[in-house]
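Paired with chain B in one complex and with chain C in the other, chain A is shared by the two complexes that follow.
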Partner chain A sequence: MKRTAIFLSFAALASCALANLDVITTTTDLAAIAKSDGGANVKVDSIVKGVRDPHFIDAKPGDMSKLRGADLFIAVGLDLEVGYEKSLIQGSRNTKIAIGRAGHLYASTGVSVLEKAAGTVSRADGDVHPNGNPHYWLDPYNARTIAQNMAARMGQLDPANKSAYQARADAFEKSVDVAMFGAAAVGAIGADKLWAWSSAGNLASQVRAAGQPLGGWSAKMEPGRGKAIVTYHKSWNYFAKRFGLRVVAQLEPKPGIPPTPGHIANVVRTMGAEKVGIVLQEPFYSTRSGQTVATRSNAKLVVAPLSVGHTSAAKDYVSLMDTVVGLVSKAL
Partner chain B sequence: MVFSTTALCAVLASAHTAPAPPVGGLGHRLAQTQNAFNPDMSLVFNFGARLSDSMVPPVRRAAMREIEWGIAADVDPYMRAEAYIAFASPLDEDEGEVEVEEAFGSYTGLAQGTDVRIGKLAGALGRINRNHVDQLDFFDYPLLVTSVLGEEGLRAPGVSWAYLFPGERFHEVTIEALVPEDGPLFSGSDTAKPLWIGHYRTFFDFTQDLSGQLGFSYGTGPMDGGTSNVYGADFVAKLRPGGTGRSVIFEAEAMWYEAAGASQRTGHFASLAYEMTKRLWAAARYDYVQLPDGSDTLRAVSGGLTLKMTEFQLVRLEWQSIDSNAGADRNQLLFQVQFLIGPHRAHKY
Partner chain C sequence: MFDWLTIQNATLASLIMSPLHAAFGLHIIRRGVIFIDLAVAQVAALGMAIALARGVEPNTDQMYFVAVASALVGAFVVSLTRFKLGKVPHEAMIGVVFVVGSAASIIALQYGAHGDVLQSLLDGQILFVSEAEVVRDAWIYGVMAVATVFLWKSFSWRTDSNEDKGLKATLLDFVFYSMIGVIVASSVQVAGVLVVFTWLVMPAVIATTWTRTINRALFVAIPLAWIGSMLGLYVSMTADDSLGGWSPGATIVVVFGALVFINYIVRLFIKTPAENSA
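And then the complex of A and B:
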């Protein structure tokens, strides 16, 4: 037992020493995908840890030390980290990871962004993100894009292992495809066609027409397609769009503004009119308002992990989505 | 320097009435490209009012205490420039003034781990002195800052060199050479001698929820033909249990100082701020300071509630009682409204 522990310690030290790239991400979701892409070639850590609202993170000096020697800094982007990203980069004194340099990556590159502001943006609309809703990682399709973005950048910074990064990103993609549609459908129809049908909203009928069984998250969520939900913040819009749920209201009257009694009353009315069955919220907000509207509307309050590490079951990206899909599909 | 509010209004009005760029086409793209090089600009409005049992003229009951104009942008790949200009109307003065609080160029790419700043800087004596008034958990700075370092803290032109050591743990050393303005402890108006400041700080992530920062500082500089010295220790700890929406911030600083020709004196403060709900904070502070010239010893107790409607505005009600050995006691009720327009400001630790 003792020998095994010593061996594992040496193995861990050796893997750190052999890592070609020191990668720091802002969120645990990005860290999980970076670990998947990088394998033993990278050392990965995240700025945000534990159950925290990723909008409200302090630029801690300890995180500047983490970034001082980093080869690659990966952020969600779309202003999610606007309160601390620049301070951390400046505080690290590491010019390699400055915005625009090869050592800095916005994982949102290439993602089809929702709610991009058109025209004038005002804080009268709350804490809006002018470049779009930043919670895109909750659409599994976007997780594939993130993985490919990371692999490309890791390969650029560490050309000797470019093919290994690409192979791992492809394997991650495949694991998401299988978790999303089931192995049988992916094998018989192909992932690209399935994602296209999913985006068009006719996945189940097309798979049925192809004579294949639909599995995975899609199968679990299919009975809830078209149903209305209420969320606390706009964190779940990408998830809802992917699985055909209609978000009819948020508990926040405007982004970043806590619920008010008047708004809660409006939400309850909307829930009655739309026959909303669940209130979906993040684990870092108070459940008081969510519980109130759920009770008054005879709905269920579902507190689901928004990120890897928010629950013990959400250990990596696929298990995060497993957990969210499990909780939501059961409640719908 | 007396400023004209009409001039400020004219600047703001001209910005407000500037014609909007056409949507779409070359004009729009050109405007977007041009905007990309514009600096980030923000205005922090700080309104204050006071009810006191010692209203000695020229004190005022209410004033727009400060409008801080913050401007920041990258100069080129090697330097970043920042300026914070205050249009101030302090409650204790009958005239407004324009003051450059900080304005510096910062070289971050000279060598790994270094940060060199040139310009007017907030001296690295302790932690709270480097914060601007809008970043405080209270109506005003602790007495340690206002009575020892200067009314708005120690701000002076000069050079600062900071080095962040490699490794997992945060260790940073800062060395500064400044030309101090006349203040209670240092005076640079009649000498070529600089004020030298050294500061060391380290950071602890005790757990995911609890972190702290410990710093030590030393300063030596000119004062009326002699030399003043100051030694300081600063500590801040933050407890933010994930998922609770609550947090606690404890902060304390102490300084020991010898003004030229005077014996050693001391001052300190300790404060506690508690986030009761997502919007509401309660805070309390104890201040003790011996004035550097030995003319008085002040003790103060402050307590207040702050309602942070959003990250961009707050309303604060604070009670403060100051006890003075020289008889200048004061009890006051302070009211503050603060709001910000412009880009999102950094969440500083």
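And then the complex of A and C:
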């Protein structure tokens, strides 16, 4: 018995030694992409688990000890984790992952940020992120950027496997491209051109002009282009922009502030004027306000996963987007 | 800005729920077990947190059943702890049940999907009560009101003979706490812990300062429960348009609080006819 235990602990040590980098991310989405980039060369875990609001965590002792041995800490950035990031890093007493060191990475580097605040922002404006909206991972283009950022940093920390990280990040990009536009369009036209058209908002007509079939998420979301939606928090703005949806109101009167009666009355009026068909919300807020507003406006309430692991179907980045696109496109 | 449709269901729910709270509150104040509802509500919340962790969806009939069943367990625990142990007051045991219930809910919610539930049990969701819930609550509170009418005299006897430890008294206690359990399990999901405490205690406090018998106090407490709730909802809707109004549950509590303080000041200077003749 004792011998088995000793053998098992050696086996555990050996399997640790196989992974060159110990990576801890804040969210499950980052963990999924880090796993995809790192393969067998990294060991990945996330701080936020389950269906939780990523703005807050209740820090547990285990989080600190996880971070103590980490080689690389990856955060979403743009102040999403502002409430806990510094205390986690300090509490871990791991100088390798201090902000600004090579062991610390904001995945947002190079993302074109929406809603950057002009002038000064105060707490009175609610839970506003002065550096811009941090929910950028639901635009598939930004997921490519995240994967490239991670691969570059992993290669810097573990130069021997640099090319392996890069190759996996490129494969991830490819899988996102195919899921976004369909294999036929990607093969015939090339991903760069397709993304440029998608950003310009004329993807469908350009692809048709090129005589190719449009597939994937873009094709599913195309019929909904231009339609107005209401969301609970500003979590869906990047997703909406990518697929041409107009977010005309949030159920929150200000970010992080729960719905108030006067604001709800305004939202219902806006929904009537804009003919809003769906209320889209994150799974970690109460659905009562969304249900009430949707019922009054003859709209549908769609509760969609915001992150990997929010539903059992959302296992990795591509299946997360599959789920979100499936739910939203069906309801639009 | 005022919009009736937005607060219609909240208004109906308050009209249905608040009077029964106020009636039980009169007994609670006389018995000196002010925080009993918080303890029972917290045990209900703990049951809901455990149910959430096991995959029961919030706002379903199943969850409602869990809340009522756990509240009954809470009521049973509280009525057991009324036997005085040495110099430990009953209120201390009620406090223990409340705090342990809260802490255990925090741990239970670590296993569940909906971390916000604890917060919404405090604030309540009175603005977003559905019509179906209003109808369900009307039935439950109707049945409870009829039962209360029949049991009122017995409850009053029990309240006035607090030291009685006989079988009848113990049984009546259990019935009394169980009814509070059912009442609170329904209202806490809709109105939140703070509003439930307010409905139970604040109208009863004001009424008790002016009346000598519990029956007379009832006729003051029930209209007060209605007026305070309506006023609270109105203020919540019309206050500070830039914020879209104030959080409804919190506003109801603050408005009732203001009524209690104003009444306190007025009561210091005005005597009742009985006091004048004395």
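Simple rule for what comes next: the second predicted complex is superposed on the first by the 315 of 332 C-alpha atoms of A that agree within 3 Å, B and C clash if a C-alpha of one lies under 4 Å from a C-alpha of the other, contacts with A are read in each partner's own complex, and residues count from 1 in each chain.
Just so it is clear, contacts are C-beta pairs under 8 Å (C-beta built on N, C-alpha and C of every residue); 3 or more make two chains touch, one makes a residue touch a chain.
Fair warning: this is a prediction, and the values are worked out from it, not measured in the lab.
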Combined model on chain A: chain C and chain B, fit or clash: clash
Touching partner for A:Y136 - first (chain B), second (chain C), both, neither: neither
Which superposed partner A:A265 touches (first chain B, second chain C, both, neither): second
Touching partner for A:P253 - first (chain B), second (chain C), both, neither: second
Touching partner for A:V51 - first (chain B), second (chain C), both, neither: both
Which of chain B and chain C A:Y165 touches, first, second, both or neither: neither
First, second, both or neither for A:R296, with chain B first and chain C second: second
First (chain B), second (chain C), both or neither touched by A:S286: both
Partner chain in contact with A:V82 - chain B first, chain C second, else both or neither: first
Residues on chain A lying within both footprints (that of chain B and that of chain C): 50-52, 58, 257-258, 283-286
Residue ranges of chain A in contact with chain C within the complex: 50-53, 58, 253-254, 257-266, 268, 283-289, 291-292, 295-296
Chain A contact footprint on chain B (complex, rising order): 23, 77, 80, 106, 108-109, 112-115, 164, 166-170, 172, 201, 203-205, 208-209, 211, 213, 238, 240, 242-243, 245, 278-279, 310-312, 341, 343-349
Chain A to chain B touching residues, read off their complex: 49-52, 56-62, 64-66, 68-69, 79, 82-84, 86-87, 90-95, 119, 123, 126-127, 256-258, 283-286
Complex contacts: residues of chain C adjacent to chain A: 1, 3, 5-7, 9-10, 58-59, 106, 110, 112-117, 120, 123, 125, 127-130, 233, 236-238, 241, 243-248
